[in-house]
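Following are the structures in question.
Two complexes, one shared chain (subunit A), two partners (subunit B, subunit C).
On to the complex of A and B.
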């Protein structure tokens, strides 16, 4: 397994080089000049030239890429053309916010999917199973921004229970636990519902699969407590694909939360990329996509690792 | 792939093609039929929009703004007094045509790549799959946002971006299925009979990897509808005043408390659309997989 892990880890930089090359080409091949957008139309040629020189935009494309990747290897992602800040410090601001949002959405997904999936599997064709099916079917179909609007309408506007904005603000961080959690609730539900649907359906089917295994009958025949049988024998085995899927989905979250960040004014990675794309802020686009891709790759490797750790039968 | 089916005892065995069998199986899937009917209705409404829509979708009438649903305006009006129902019908034209074109694009780009990668293997496979890997590590929506944002917010660019996002997924699925059937006996037989790679791939392999392709294309379609709405919602897709489900929801954010019908109507239609495609996909998957075929008796007993 360690050899397999090593092989996977060696591939990571390779994939990242391809990713960075693709982002680089996409940004350079498309219309739009960051300097012109930044300085406006009325600037002197000299000012524009100076700025191009500053960000190496006057050099040939291979040179630009080589200079950039040479810095990246040393942990320097360049400077934002728009904000003139190092991309790494922008990242240090944005990444924790995005991770918190992703983690809260995943927490919601786990809190709902584990009990719902298990009970639906244990009580097949009962009302709770139908509820589970209905929830997953609806969860797959509703776009997260539509759900976000519905939740805002019900819980913020009509009931006035929960705030709409507030993630990443100073008051949120300095306040107590509830002040901290409150603004995450609606975005987490809106963002996590699709994952909840995916995970619930997966857990229900793998649980049903496990429950029909021979060792379940053996456990019952031994006279073990039903709770022991369900938790120790069934759930533990049914959790193997579940944990893997949860890890993969977590890797996905940062990339799909852009609509949620947009609605709830979250200062996260997605909205930063959105702004960078509008302003053609090449260093930010390149740096952020690289980090998001790396995050996704590691989540996938973690998923494989979990798989091997939880199931001793799996050998890579 | 054909199944020998006994017809009446007097006549000899007749060979029925697998797609005919699948087509016979499909109507037994109740949810899939519901999905199909709903989808056809939505498509018809979009296609016949000029005749069905009660109002002009871009006609501004400020005296009738933010009116709740009534007989006059079935789903109410928006902040410019435009009829929400009419906008919904016209908005479907964009969403659905984006969906269809993304499916076509993904098919044209993804299937040949997957077939080549799976059939030839070796260096071609390695190169293509590393490229696919790189594409798949980009978060799909963000990649689409970046492409559309950089190319300019235009519906053709939306289609291009979504197609580029979806094609690698399809390519990987086709590659996997191709690998599975590449060593099948009939492929060896065809090769032994002197068939060239083009003939083997097109008439023997493609036929047998069609089922996963069809199922994946339904997923591509619903993903494209949602992604188009997301892009328009973020301001990167359809531009105002053209009606668009996603764009209209974005506008509705400013009137959440005053005019909730403005965001509920597009949300509902997107959900309905995705739901019916998903049901259709489930039905197709079952119909195309002989192991999932159910007899009438099993169905009436409520098994499976």
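On to the complex of A and C.
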């Protein structure tokens, strides 16, 4: 196990180097000059040259990459061309917000998918199962921005239960628990609904598979309570692929928040990357992509570890 | 409507029919005793807030409430008026002497605003080769203080736009002491200004300003606190206002305004702005036989454009049709429509095409990825197709667009732009002079006219010179202007005292209060 973990952790920097190189090359290959965008049309050649020099953009591509990666190794992700802030400061501001939103969405996905998946499996081919299937199909089909608009219309505008904006504001942070939580609810549902669909389908099929195993019949023959059979014997085993998928989806959600962040004015990583792409803010694009990739890799490693923890038969 | 059931029709009307989600809006907050304002502006981040580094529009909206300028513009009289500079004279064509107001204090105890601050600020721009070196400060040769309250500036050339461009756009001065102590980077995040409000905090996409207790104008500002929030989606921004999560928003989507105007709890303010929508031809680097190099073809296109239709269809009436480059409030302004009819003249356009001997042609027209410009380009393409011209439309993101536009690697563009400096030099020189970064035009006659108007110090004479430049532009059509889009604010009906301006960045909130 520890050897496996060590091996995976060694792979992480190698993967990140490849990701960083690809990101670097893609940003440089995309038409658009960050200096021109930053300085605008009414500027002088001297000003543009000074800024290019300041951000090493006057150097050759290998030099630019080497200088950047050299600093990254020392924990310096560079400075935003547009915002004039260190990328690490921007990350420190944006990453917690994105993590909280992803965690809220995942909490919603787990709260919905576990009971739905279990009930659908237990009542296989009943109207409840069909209802769950319908829900998951809708969850797959509806884009998160469309769902976001519907939720805003229903819960914010018509029912006036929840705010549209407020994540990351001073008012949210300085308020009580409910003030803190309520701006997350609609964005979390909009972001997490696809994951509820994925996880519900997975848990349903996994549960059906487990319920047909011999040891389930044995458990029933032993006279165990139905709840014990379902929770301890069936659900625990069915959760193995579920947990793996949930961990992967969590990493994935960090990277796909951008539309939700845009609609709900969430100051997270997605909107920062989007603005950076539009403005060709290379240091931000490179730094944030690197961190998002690291999260995805970390989520994958965690999934593998959970897998081993949940199933003692699995040994790495 | 709130709290009741949702009919399918209401749902469809809300989410699909109008493409947005507008509710009825809560009753406005109780105004009595309220002394803070929550403002929603566009954009993702505010970015830099220091005037010595280029700032975005949303940053400018905040910055201009932290700093006072040397001068201010009287938009009605079209004149540059004193602010921190009490008076200015030019004893000879290359010298400007600026007398500063006494008793103006920098925020947070950084001392008095003096001539040394102006000298430091302008020299910092020049030495750091900031964006202003190419814009407001390019004519400046040297700056020195003559005593505590007089600045003497030597220019490299006579510069008639000095009050509007150098003292106006370039006249937001930083505190020398604070800038030296804090460093350029920290100062850009939380600058120390001399305006009505000072920064209390900046977190993510939220900035809180509080009243500057040492502000030099008695009785101002009237608010104690402003919380700015950058909310990129215009529908979300407006909806947050209607739900009383905000008190004041900028840049709403014009198509949503008809519905908002029905709501008596809110005020819609719409002012024709210093922004153009325009078409531009590359007359420098396009193929020598390109049909649009013939001015009759360009005139035909201008006649084929129904500008009123653009205003109505694209901007839902929240724009002003114009055919020239000098908007209201500028020296040299004569009116929005000087030569070409508002609704176009297709007959005349066809005659000009026949006169030019051009039956029809195809040309690629680029625009940025702004939704309204894509639609506008489609509409304009339909208009010019009536005279046989086929526009091949190409949408690009802003980075890609700027790359082609500013490097003059295009045939034709359709774009919009915000004008920042309150002088016609800024609306003409950069777009029409052979050396202008955004110019696709290179004609010695025009260059001479532009240089002449720039170096003329008598503002009365300059006005006449700009009339000639505009007339020549209308005749030559290197650019075709469509309209000035409006600056729009929507706010709670109890918010009083807001003074709108055509300058998009300039939303001063010092006179605002709850009524």
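Heads up, the rule we're going with is that the second predicted complex is superposed on the first by the 316 of 316 C-alpha atoms of A that agree within 3 Å, B and C clash if a C-alpha of one lies under 4 Å from a C-alpha of the other, contacts with A are read in each partner's own complex, and residues count from 1 in each chain.
In this section, a contact is a pair of C-beta atoms (placed from the backbone, for glycine too) under 8 Å apart; a residue touches a chain by one contact, two chains touch by 3 or more.
None of these values were measured; they are calculated from a predicted model.
Student: Tell me which partner touches more residues of subunit A in the superposed arrangement, subunit B or subunit C.
Tutor: After superposing on chain A, more of subunit A is contacted by C.
Student: A:149 in the overlay: touching subunit B, subunit C, both, or neither? Say first, second, both or neither.
Tutor: A:149: touches subunit B and subunit C.
Student: Quick check for you: in the superposed arrangement, does A:50 touch first (subunit B), second (subunit C), both or neither?
Tutor: It touches subunit C, and subunit B stays clear.
Student: First (subunit B), second (subunit C), both or neither: which does A:35 touch?
Tutor: In the superposed model, A:35 contacts neither subunit B nor subunit C.
Student: Once chain A of both complexes is superposed, is A:198 in touch with subunit B (first), subunit C (second), both, or neither?
Tutor: In the superposition, A:198 contacts neither subunit B nor subunit C.
Student: Which partner chains sit in contact with A:230 here, subunit B, subunit C, both or neither? Use first/second/both/neither.
Tutor: Touch partners of A:230: none, neither subunit B nor subunit C.
Student: Could you tell me if A:72 is touching subunit B, subunit C, both of them or neither one (first, second, both, neither)?
Tutor: Neither: A:72 stays clear of subunit B and subunit C.
Student: In the superposed arrangement, which partner chain does A:137 touch: subunit B (first), subunit C (second), both, or neither?
Tutor: First partner only, subunit B.
Student: Please indicate which partner A:102 is in contact with in the superposed arrangement: first for subunit B, second for subunit C, both, or neither.
Tutor: A:102 contacts neither subunit B nor subunit C.
Student: Which partner does A:280 reach: the first (subunit B), the second (subunit C), both, or neither?
Tutor: It touches subunit B and subunit C both.
Student: Which residues form the common part of the subunit A surface touched by subunit B and by subunit C?
Tutor: Dual-contact residues (subunit A): 30-32, 149-150, 152-153, 157, 262-263, 274, 277-278, 280.
Student: So in the complex, which bits of subunit C are touching subunit A?
Tutor: Touch list, subunit C to subunit A: 1-4, 6, 11, 14-15, 21-23, 26, 44-45, 47-48, 53-54, 56, 128-131, 133-135, 138, 185, 188-189, 201, 203-206, 208, 227, 229-233, 236-237, 239-240, 243, 245, 396-400, 402-406, 417, 426, 430, 437-438.
Student: Give the list of subunit A residues in touch with subunit B in this complex.
Tutor: 14-15, 18-19, 22-23, 26-27, 30-32, 137-138, 140-143, 145-147, 149-150, 152-153, 157, 252, 254-256, 258-259, 262-263, 270, 273-274, 277-278, 280, 285, 289, 292-293, 296-297
Student: Can you tell me which positions in subunit B touch subunit A when the two form their complex?
Tutor: 130-131, 133-135, 137-142, 145-147, 149-152, 226, 229-230, 233-234, 246, 249, 252-253, 256-257, 260, 263-264, 266-267, 270-272, 274-275, 278
Student: So in the complex, which bits of subunit A are touching subunit C?
Tutor: Touch list, subunit A to subunit C: 30-34, 36-44, 46-47, 49-51, 82-85, 93-94, 97, 149-150, 152-154, 156-160, 163-166, 168-171, 173, 262-265, 267, 271-272, 274-275, 277-280.
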